[in-house]
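Quick one: the structure is below, and I'll ask about it shortly.
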Amino acid sequence: MVIKIEHKWGMVVDLDKCTGCNGCVVACQAENNLPINTKDLFMQKRAFEWIRIERYWEGEFPNVKARYLPVMCQHCGNAPCEPVCPVYATYHNDQGLNVQVYNRCVGTRYCINNCTYQVRFFNFWEPTWPERLQNQLNPDVTVRTRGITEKCTFCVQRIRRAEITVERRERTKLNDKTMAARNFMPACVQACPTNALMFGDQNNQEDKIHGYFEELHNHEGHSDSRGYRILEEIGTDPSVIYLKKVDQFKMEHSESHG
Amino acid sequence: MAELKTLNHHYKDMWVFPDADDLAGLPAKATSIGINKLLLWLTLILTAIGVVGFVMRASADGLNDYEPWGYYMAAFSFVFMVTAPAPLVSVAFRLIRSHWRRPLTRIAEIFALVGIVNFVLYIPLMLMIPEIANPNGAGHHSLDIRRTLWIQVPWGAPHFWETMAMLSLPVMSCLILLLSATPDMSASIQFVSGIKKKFYMLVAGYWKGSKRQWLVMQAAIGALGGLYFLTLPFVQFLISTDFGMSLIAGWKDSIFPAIYTLMGFQTSLAAILIVLYIFRRWGGFENFIGASQFWSASKILLGLSLLWIYHMFAFFITFWYGRMEVEQNILNYLYVDSWFWIFIINALGSWLIPFLILVWNPVRRADWGAPLAAVFVLIGALMFNIRIFVGAFNAGREQIYDISITFVPDAVGPDIWDLCMVIGIIGLACLVYLIGLRIFPVMNIWEIKEGAMYQKMGRLFRGNYLVLAKPE
Amino acid sequence: MQEGRVLPPEQINKDLLNSIMSTPKWYWPAVGICSLIVLIAATIVGYMINKGLGITGLNRPVMWGFFITNFVFWIGISHAGVMLSAILRLAKAEWRRPASRAAEVLTIFSLMTAMTMPIIHTGRPWRSLYWFFPYDFARGIFPNIRSPLVWDPSAILTYLTSSVLFVFIALIPDFAILRDNTTGLRKKIYTALSMGWQGNARQWKLQIVAGILLSALILPVFVSVHSIVSWDFGMAVSVKAWHSTVFAPYFVVGAVHSGVSAVIFVLILLRQAYGWQDYIRREHVEALCRLLIVVSTGWFYYFCMEIIFGIYGREADEVAIRTLQFTLYPWNWIMIIFIVTTYFLPILLWSRKVWRRNLLIVSIACISVNIGMWLERYILFVPGQINKQLFTFTWANYTPTIFEGIIVLGTFALVTLLLLLFSKVMPLIPLYDIKEGDILKTEVQIGRRTVPATFRED
């Protein structure tokens, strides 16, 4: 079998546009059948947020600013979570995605420990939904059981649907245009009111995110662009690029966290 | 009784106490070994070559910049690695009361004199070590304080403290040597003459051999040995980090000092075994040095060689499995790319060849097995020091204040003056050791006598057997 | 003077088999209590499997807690066996003799107990099948050999197999004695187990050769087991405190430290319980303590390396972890207790010969070491996860629940129970080894003193 890498999915997060509204979090919750995050779950520190908005405060009151950092699985090109799984429950597929096979997962939680970005979640309890939400569950996404690790999939079910629809039915290539035209994009991207999230194909020359990756790979560390990847020095080669926030009002002693 | 019979076939390999005639002659014999004048001259010439090399290098490059001095550092570290733990080897075996140690303790202790050489050689290095604080301050990719074991820059760091630590070693080890040689010197005063006699009188004149003196002497050696035991790993740690690890930005490797310490013991034992073999073979000490010494020491040498590869592997797999760029760079630089062949020789010498030689029981039982392996151990250790220290000194001056090294530097070969210095430093160490052999009794007479008391031969059925007393 | 009498073989048989031939009063109550605790723990495990791991204190950053700590602790204890019987056997240390069997048996039981921990820890134990066995179970996919978690079961199962073999080979001559001293069904069983042992020269030779061969072969396994367990942590690049090159030797030495302490404690208990004063003598305890001084100092060296290189790089995330470990409640207390109990207190208690020969003091030191070593693993594993990377947003503390505590307690009860049951059917001190030691023992007259001596057997 010849593996032809046609797509290598990636995302660009423009921190300048992010308002911290948490819309993506809710969208992901609905799309991917995440259990309801009750107060208990939050207090136990076991809430599920495949994408989370990290909020950091900068400066001293009253001269204070909130910084937002949406973090989802970075679909690392060189993912530390992959080799440590004893049963190949997490592996890299030929589209640059780090996929999690729920059926294989035995629950060692090593991948969670070894994920640099803390974006993996474990089902400590059997996930439950209130009666009235039962019909809301997305039929394209597996409902997980207890003892299983899960994480952001770049909404792989949507990508598959897009592939099937576009390539088989419309007989065109799946690319930026066709995707945008039929609204095939991850739930979080779709839901973002300020378009802070961009999703696309790193390998596709015409894709809007292609340029950012090109830029990053060509001028490593020295580019003028705002693009950077978080915790890059670990060597994980993430597929998510963050665009630095542009500050209109420079703060004194600005010190960045995170 | 059935078991006893099975012991018989080992008898001929055992080190049996020398008989009374031999023992009586030991003091005279131990103080008057004829060291070939030629050997002395040879080492002297080598030393002279080294001095020339040093002068040329210093006049060409000066002492301010450390980069051209990689081979000097490697040779220094090699000599330090081999000689500094040697006194400890003797103290340690004395502490665990191994019976076979008796003929080799003095040979080990005389290495203490080379400690003085180590200190002298260390002085220029102290001048070269770059500042810990970054003169340019922190930058985008650089730190304001270099990554060293000095977290802040305390007063006198690193120069003063390191010098103190380096100085403490020869002081302590020479004291150990003098103390343990005192009874022997007093026993052999009558066999020496001239200036040597004066020296013996000075050191051992007070010795009467009263019970109290013995107890004090042994307690003092124990205390000094303990102190030395605490100091030595610390100094090895200083040398391996300040002159090695911290010069490659971002090299953070907690097992490296342990490897250095381990190799210290391995090479010291190797050097001692070689000297021991020479004494047995050509020095006329066959009656005092038995095959059993080599048999026992070879097991330890084998164990140390295996420990070496174990530690190395622990290092390797951790760096290899991680995916940080800096780890990959360091692995490429020191192991699989730039210094690859040196690493291979290092691994062969420190582990594979000694292992292959020493796994065979007959080889270990023979007196030549362990010394043969020891030669390879020393070669491997030399390569290790070249790889690490020349590597560290030549990783680029400009990157030492960086957060991590972002490129894989090239290996650097020696030029003629480097070679001269390497030869000269090793020659100097040999010279001092040879002089030490001429000054001190080369056998530990009181320990051998003590050992002879602890053994008893018996005859059972068709064979002899040996009984060993275990006081306490 | 020779310490301990040289007893006739019949007496040795009688004394050392008394744990099998007679039942002391405390025996069944002790078994009962242990079984009760094990039962309670097992019930909780069942409850946990039913409910999910939610009943533990684990949470998002801290995915490995008490169970893994306990796993590593028991793996550590299991290193005593080979240390005492294989290494000291190769090193010809006379004082190993009474300790060897107890150490090996402790090895086996603690390994078995340790193995249960990761299985419990996954929450759905039946699925461990896919992980432990190199077989694809019709799924078309074999375990991932790149994962340290696959190295683990292979190393541990190998170690378990070879330890069982080792113990069995050492037991054969003793089984033969039991066969000769029992009747009825027991005799039949022991007859089968003793495999036709007659005690002739050839059989002895084979048994000795097998023992020495196994000692040598088991050594690499011994080293690899704990190294691999340490690489479970060392391979994790993302948890800063774990990614340290020194872990393998550090863990192995620590394991020997705690394991040998545990063996000493078990020996002292046996001595008191079965009246084996003539076999487990103060000189043995003393020699073992002397060994431990060396081991613990080596351990301390590696410990310092680990700590020093934690702050060596001065990376913010690593510094945060060390700050947590050293300065913040409750970790600072755990840290202090751990360092004191693992190293300083025992070293102090072992520092004088009189104290080394005082069984009470030695027991205290040995228990203290094991408390410390348990805490060591805890403080090594958990803070690294609490402050994982610089995502301060997700940092969270870990508080174990009572259920985890009881399960951990249950493992201690389980090992005790297994040891108790074992002592009822097999001798915990190798009879033949003791007899051999007695034969080799003699005395030498030096001046006016009589000094104990042994026949040289190298």
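Chains here go by letter, A, B and C, matching the order in which they are written, and residues are numbered from 1 within each.
Methods note: contacts are C-beta pairs under 8 Å (C-beta built on N, C-alpha and C of every residue); 3 or more make two chains touch, one makes a residue touch a chain.
This is a predicted model, so every value here is computed, not measured.
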item	value
A-B compared against A-C, more contacting pairs	A-C
By mean Cα position, the chain sitting nearest the middle	C
Inter-centroid spacing, chain C versus chain B (mean Cα positions, whole Å)	35
Chain A and chain B: spacing of chain centres that average the CA atoms, whole Å	56
Distance between the centres, which are taken as Cα means, of chain C and chain A, whole angstrom	44
Multi-chain contact sites of chain C, meaning residues that touch two or more partners	235, 237
Sites on chain A at which at least two other chains make contact	80, 83, 234-235
Where chain B touches two or more other chains, by residue	321-324
Touch list for chain C against partner chain B, complex	94, 201, 204-205, 223, 227, 231, 234-235, 237, 243-249, 301-302, 305-306, 308-309, 311-314, 436, 439-440, 442-444, 446-447, 449, 451-458
List of chain A residues in touch with chain B within their complex	78, 80, 83, 221, 233-236
List of chain B residues in touch with chain C within their complex	1-4, 6-7, 10, 14, 143, 145, 147-149, 151, 233, 241, 250, 252-258, 292, 295-296, 310-311, 313-315, 317-319, 321-324, 453-454, 456, 465-471
Chain A-touching residues of chain B, taken from the complex the two chains share	141, 321-328, 403-404
Residues of chain C defined as touching chain A within the complex	51-54, 56, 58-61, 63-64, 118, 121-124, 127-128, 130-131, 139, 141, 143-144, 146-150, 232, 235-239, 385, 388-394, 396
